[in-house]
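Next up, some structures in structure tokens.
Heads up, the next two complexes both have chain A, just with different partners, chain B and then chain C.
Right, the complex of A and B next:
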């Protein structure tokens, strides 16, 4: 997994690659428009791994609402943006 | 509302038993890619687990724990008035494991014995039942057994559960207290059957006895739903039992969580503002053993003696059903603690 470097902001493509890695998925299959149901690795266990990785790699501790709202890759990118981890495009 | 306070009961000892065979998730897993294994281990926190194999049952593990505990307490088998066996992995649908254990342990035929079919909340329910049984009759000593072999209902290629579970049995000796003052036990118990499909074995019982689907004979877990249930249910549960007991978090010496998953427990510790040094974790060595993970955490996780005697434990069980409960009770330093490895399959009555 490509781990973020300290407080460095992620570029969009790096964030997408990080998401693909967390979900054990080929990065070519992942884009902001990708839905949870499109990815085999984003099952209920994948959701927990994703939450754990957001905490371990970025210190992002999701709120209950954020956990419930993650249904697409764009939702994960929005979480990273809200927590100041995604570079503005 | 199911809240209770029980007085006049004391835990005299706890013994736990695990299979000798170890399974290291990192080095021994052959059914999942190693990178995926590392991610799951990093999240759930289970490095090593004990596995029963095809011959050891929950009653075997409980038998070994109970025999060791009776010896440690110097309790004669005839002095046990009731045996409660909590399990969802019994030897048979019929008869109850408790009856088999009554015979194996040499208990009297005047001993009441029955099974309770609850999962990860089962230890809390078992303590509540045992405490209640000491009132209104001549029952003075109860042996509470709680054993599970979840590795035997897990599909090795189901990544949601295959690296999570371990097997364990336990025995807890509960006695009518003769001390002039013994602090009461407090319980809060809950159920939401609306989530019954979140942890389920579909086939093999009488709803679908001979299911043709092999997968139906193994456990299915919706991890995200179980996570959501846990983070919503446990924080108010802690507050509820503290309020019932008139105690504060600072009064608790150990918060003994069902060892469900390290990420989930750490999330709860953070959300509830609990001191992590008062939350023992044994997941890395034993995995999620279902309800018996609570007594196992007491025997294997409470290494440091606190300044208080008795110490105060807050036990938290939550899982299949959905069912959840908390117990707040004293635990005396004089209580017998035993832990052993189970080595020899003993399927026959002794």
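Right, the complex of A and C next:
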């Protein structure tokens, strides 16, 4: 997994690639519109891995509401944006 | 080696609204007072059961404690309710003729409203802390997906199949002429089977068994040797697993070569569950490792057992195995290998040496008895 540098803001395409990496998924299958149900790697174990990766790589600790509401790649991108880790497009 | 996922436990605790400090205490062996909560969970997860679940729970878990006295059924409690559970079957492995304790995991389930929150992985991760060797097969694609990442694939069971009666396979599709067609088909099947000469030699006697006794324990010990990994089959285990099993009726047969039990076969024809093709199964067997035993004992014994399955109306017979010394006997009885159909078998061991031996070292002896699906 390519870890982000310090407080570096991610470009959208880098964020999508990071998400694909975290979910052990081919990046070509991942876009902001991709739903959780479309990705084999985003099962309950994948969800835990994602939470761990957000914590380890960005210091983001998800709330219970955020965990429960993540249903698409866009939702993950929104989390990154809310925590100031996504570069404005 | 499988990835160390233990770092995920705090996150699983968080998704469930628990603290990491309490999550260990939340997952513990069940007690008899938990039975009502367990039954409620199982009904929520499996609304259509063809078996009497309370009787099965008593037989499989509450009536057969683990070596430490605890019930081999672990429950996860949240807010006073049982929201997850996992059944265990303590077994003894013979690994290269050395006895090793292991546990099969089966029956893992999560209350439907908590699916996707990581409780399934969490229960597995907590079990890893308690049990040094875990064996598992998945019963569906979703469980395979999870299991293949938490455990390591060790072997695939492959399927052998043979048709001994055509009635229930032809009948539905051919309407009024089905009787004529099935009679002709069954006659052809009988002719085809008669070409396989699997009569026992005079010194080999075949009979149905009403219970296993120490003869089978002796047979098991003869089968345990360097290069092989068996789940040990003692008389006590086999009697419990098959004859005391309330889910399904099993039948067992023994081949005695000059008075010594040289092979056994266990079959089932489960008509309590939906079974339109009347599929019978060769569930388990052992055969003496002496070179000619498969031909002298197992092949005729399998034929003997198939005869009884045919008498009880079985149509298709299947046999799932890995490394189980059954090729000669299966082919001699008209079974065909269906290599494309496989059931994966997974292992996890906390010791790197044992993990490597069990996952890459080969020599596993596996039959359908090593699966939890009945």
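Throughout what follows, the second predicted complex is superposed on the first by the 89 of 89 C-alpha atoms of A that agree within 3 Å, B and C clash if a C-alpha of one lies under 4 Å from a C-alpha of the other, contacts with A are read in each partner's own complex, and residues count from 1 in each chain.
In this text, a contact is a pair of C-beta atoms (placed from the backbone, for glycine too) under 8 Å apart; a residue touches a chain by one contact, two chains touch by 3 or more.
All values reported here derive from a predicted model rather than from experimental measurement.
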Partner chain in contact with A:82 - chain B first, chain C second, else both or neither: neither
Touched partner set for A:40, first chain B, second chain C, both or neither: second
Partner chain(s) touched by A:11 [first = chain B, second = chain C, both, neither]: neither
Doubly contacted residues of chain A, that is, touched by chain B and again by chain C: 43-45, 47-49, 51-52, 55, 64, 67-68
Footprint of chain C on chain A - complex, ascending: 40, 43-45, 47-49, 51-52, 55, 62, 64, 67-68
List of chain C residues in touch with chain A within their complex: 5, 7-8, 11-12, 14-15, 17, 115-122, 142, 145-146, 149-150
Chain B partner contacts - residues on chain A that touch it in the complex: 1, 22, 24, 43-45, 47-49, 51-53, 55-56, 61, 64, 67-68
Touching residues on chain B, where the partner in the complex is chain A: 33, 35-36, 39-40, 42-44, 159-160, 221-225, 227-228, 231-232, 261, 263-264, 267, 270
